[in-house]
Amino acid sequence: MFETTVYLDNAASTRMDERVLEAMKPYFFDLYAVATSQFGYSLGIEARDALDTARAQIAGVLGANPEEFVFTSGSTESSNLAIKGVALALGEKKGRHIVISPIEDFPVLHSARALERQGFRVTRVRVDETGRVDLDHLRESITDETILVSVQAANQEIGTLQDVKAIAEICKEKGTLFHTDATHSFLRVPLDVREVPVDLITVSAHTIHGPKGIGGLYVRKGTPIRKWMDGGYQEFDLRPGVENIPGAVGFAKAVELITPEETARIQAMRDRLLERLLNEIPHTVLNGHPVHRLPQNANVSFRFIEGESLLLHLDMRGFAVSTGSACFSRSLEASHVILGIGGNHERAHGSVRFTFGRYNKEEDVDAVVEAVKEVVAELRRISPLGKE
Amino acid sequence: MFETTVYLDNAASTRMDERVLEAMKPYFFDLYAVATSQFGYSLGIEARDALDTARAQIAGVLGANPEEFVFTSGSTESSNLAIKGVALALGEKKGRHIVISPIEDFPVLHSARALERQGFRVTRVRVDETGRVDLDHLRESITDETILVSVQAANQEIGTLQDVKAIAEICKEKGTLFHTDATHSFLRVPLDVREVPVDLITVSAHTIHGPKGIGGLYVRKGTPIRKWMDGGYQEFDLRPGVENIPGAVGFAKAVELITPEETARIQAMRDRLLERLLNEIPHTVLNGHPVHRLPQNANVSFRFIEGESLLLHLDMRGFAVSTGSACFSRSLEASHVILGIGGNHERAHGSVRFTFGRYNKEEDVDAVVEAVKEVVAELRRISPLGKE
Amino acid sequence: MPLPYSAIVMEHFRNPRNVGRIEDADAKGVEGSPACGDMVAVYLKVDPETHVITDIKFESYGCASNIATGSIITELAKGKTIEEAKKLTWKDASEALGGLPPIKVHCSVLAIDGLRAAIENYEEKHGLVKERKPTTVELVKKRLKRVVNPVVGLDIVRSNLVKDVEVKDGVVRVVLDLPEDHQFAAAIKEDIVDKLEPRWDVNEVIVEFTE
Amino acid sequence: MPLPYSAIVMEHFRNPRNVGRIEDADAKGVEGSPACGDMVAVYLKVDPETHVITDIKFESYGCASNIATGSIITELAKGKTIEEAKKLTWKDASEALGGLPPIKVHCSVLAIDGLRAAIENYEEKHGLVKERKPTTVELVKKRLKRVVNPVVGLDIVRSNLVKDVEVKDGVVRVVLDLPEDHQFAAAIKEDIVDKLEPRWDVNEVIVEFTE
């Protein structure tokens, strides 16, 4: 068994903050009732109060009203609800066409594919080699039958930020709804629904040092959307099931704990890592956009070597990172993101993602760089490539 | 603010056990990584190991293999996955007919209605006045086009147990799949998939003193079912999304802590309550089956009075119970269960459910009875009914 | 803690005033039924000269807002003439109670209806009834203003839920801009039927949904 | 902790034997490509009299199982005749390594293929090649037994995934009983193409799915 000392996969999931658990505890042991209808017993009304307070806090940081935010089990469900819920509401009435980017995370990508199987048409709008959506192509792609555009706020692998405001305005101008998966940018990159005319936003707690198993969907007032999961009448009759109040309260606490100062600290670590990797290891390329990128994300490809081997060597040295190599993925497919921005398989296989969070320390950055340098050199020694 | 001293709504949700939180803690703060593919870093592999162990424990108590159990966000999602997943797999291939009981909980009831809107035919099999399914009618209802029968193991309100084994055998004989929502009977009433040929079972953690926001679905090996929520490849590619490992571990711990002795203790309290209420308060009727009922459930209707008022008076005295009154429900509709077993609106409005759990004390039972007697007498004094 | 009921409502719920029957009542009104889950009976003693309500009692089979409204409305009506008492509204009751949850108008308005029914009963018995008005579309719409849309807390007319109203041969048809499986569809429908079916010239009330 | 790799695999991954090139090699085999994410090169020195492999080295661009298999297979081949070495299988490598994850056969089998390619290269250079067999349905099926279905850890033939095989005019058509969007569909397809496309008489490999 190896001891992992430096965790650099905060995009996958983050360590929960102790203060989050403290906030959750009363809802495990004291206010454990379901949020009853307002005509229920006190315990249920207090539970509802806690839920509403959590909801108001999270909606607040998005500039939204409390009743515009529903809790879900996480961003996967949020994106399913956004896409399929709008399809249920508008598929018959307006049209059966949606637009996504080809580098969306699986929930959006595969929800769109599910709609395709039901006869919807899906346009995958062009992205450039940094992953940014081609706005002209987006504009052209939207027709009278387009019911939804779903483009992520930030990419899960390469960290590229989209111009969400420009996309939202194009959608508004064209009269189509706009959903953005902000799982990775939430609170690290500002997004205010009073300034950006976005209709639906997917967010999650587990990427911001909150609990797993809870996320949410912002739904602008008046957005045509139908319930997708069937059951009881919870969450404004949009998402059924006994409310996960400890989760909601933990989510709100996690939201409260993110500060711009922390994000700046994280970005400084990321900047130093990226600068050293790109300068000190030859045949290393940056994946994603050099400027419009998540502050916590670094993603590079080391030529001539394969990511799983690199990951395993780093793991033996106590560093946890992620790779777009097929051998690492659950589907044994190479990263559709790197391929989607025009990268080849070699670039995907040799890509490594480093994502920072609250618990990373400045002094670890140099240690990571040294370990990566060593391992890349060793794997290149073994490799048949890059030697002529 | 009232102080709730005696919580008798354990069917809605239960207090979490402190030992469950202790089991979960390491996965908040130490093993917080996602369960990576097996070729990930150590932290992810250890996380996967924890998830697999939890899965094996829960599958084990059902007599199932670990790979036959997938985690979900709760029983609502489990039932949606069961019903809609089978519909996706077999709707085109075999037929578009399902059979449910009319007293199913909302997830099954409304999932069936959603399929109806898509052109499926739904037969609601007859139940008798105790809520038990008419097995002959069930047998007649199943046709060559029936892809699924979904009948709950125990009713959420009146606690009636179905003859799950007989239903499963009819389904097997007729060659149709059988799903049962066992949210309320799980571990309180034995169910072993080696003895009962059921194909899909919905279970949840929050009804057995485990965490909210986690549940599961047993899926017998070889059952034709398609992924319903779209996203990543988690949970044998049947349920996507970052795994809620603390939740899964907490669920497994909660499972471990339920004992037959505890269930017997709970049943004894329930028996005493029911006996006294029925004997000492005139015009009181039992809802549900006198014998085939959940050990933790008591449900009675007090004639001439309305449940919300009764609930509120009990709440002021420190007792939390539930009612089938329309005024209590989120939809302002009277309990479809009581109406479904042939009860009238008055019976639904005057129905009160008492459900017991681990933290109830024997000495509280008599206190509840005394409070109920007082309140019923007072409300009957005010009522225009029952006086001639 | 946002309790749905004000302190005054809770006080009247706990200790309702004027509860009971008047055995030799001059008039009696009953609204609702056990089937709809709320029922109120109101009993009156009225001074035959001044038409002042000298005594009033009520009985309630219903929820807290129903009981509290019965309590307050009988308090408000006592000592008033029947003409004055007839003008008492749900708003008057709600204000006197420090607010009532809009979602529960359905239940609380029944107590006001009970009072009105008792007064009508008195008028009928004492030959004070004016000519019976026929049910027109206008009158239906006026009545529908007493049905609340719980989603927004406004009545269903002002919240644009009523898409169409038709009155023909004793059949009233109301079309609502609401899906049939909406959370509150059944409750609103029941409320509409309760408000219109008792009319002397109405045989049937049909409520339709757009989806 | 259920590590996917045995201790022996990890040891060979950390310290792979026989790494590098033989500049004056008698033969060389390369399998895979950067595009498929795994690539192995194998270099041989062979005694021209005895056909014994006197030296062997390999290079690997690939994952841990690929590197470890390259390491062990070169260890196993060293000192054997080319006839003996030709018979070395994935199973031999796996056993020597204390087991290999079935899901990674795709990557690890490449090292064995590299060894075979190097031996074939030697045979060609030294006139030892027998008549080239034409690609038949039977031969395709035999080759497909080297493609593993990661779901069950069995090859795709024995796990009944191969529904139909057709060989006609240099085109091989394989029909799999698997939905096209199955988790491992792309990986299995790629593996099948890799196994069949290099055949001398195959121009195209078409993999079809039932759904």
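When the chains are written out, they are named A, B, C and D in that same order, and each has its own residue count from 1.
Throughout what follows, a contact is a pair of C-beta atoms (placed from the backbone, for glycine too) under 8 Å apart; a residue touches a chain by one contact, two chains touch by 3 or more.
Predicted model, so just to flag it, every value in this text is computed and none were measured.
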Worksheet item: Can you list every chain that touches chain A and also touches chain C?
Response: B
Worksheet item: Using C-alpha centroids, which chain lies at the maximum separation from chain C?
Response: D
Fill in: Gap in Å, rounded to a whole number, between the CA centres of chain B and chain A
33
Practice prompt. Go ahead and note the Å separation of the Cα centroids belonging to chain A and chain D.
Written response: 38
Worksheet item: Just curious, how far off is chain D from chain B if you go by their C-alpha centres, in Å?
Response: 52
Response to the item:
Multi-partner residues in chain D (2 or more other chains touched) are 1, 63-64, 103-104, 183
Worksheet item: Taking each residue of chain A in turn, which ones touch at least two of the other chains?
Response: 1, 39, 42, 46, 113, 233, 308, 312, 327, 330-331
Practice prompt. Name the graph shape formed by the protein chains and their touching pairs; answer line, ring, star, complete or other.
Written response: other
Fill in: Touching pairs - complete list by chain label
A-B, A-C, A-D, B-C, B-D
Worksheet item: What residues of chain A sit close enough to touch chain C in their complex?
Response: 38-39, 42, 45-46, 48-49, 52, 233, 237
Discussion item. Applying the document's contact rule, which stretches of chain D touch chain A when the two form their complex?
Written reply: 1, 13-14, 16, 19, 30, 34-41, 59-64, 66-67, 103-104, 106-107, 150, 181, 183-184, 186-187
Discussion item. Looking at the complex, which residues from chain D come into contact with chain B?
Written reply: 1-4, 63-64, 101, 103-104, 182-183
Practice prompt. Under the touch definition given earlier, write down the residues of chain A that touch chain B in their complex.
Written response: 1-4, 7, 9, 12-16, 18, 20-21, 25, 28-29, 32-34, 36-37, 39-44, 46, 72-77, 79-80, 105-107, 110-111, 113-114, 204, 206, 211-214, 229-234, 240-247, 308, 311-312, 314-315, 320-322, 327-331
Worksheet item: Which of the residues in chain A come into contact with chain D in the complex?
Response: 1, 113, 304-306, 308-309, 312, 316, 325-327, 330-334, 344-346, 348-349, 381-385
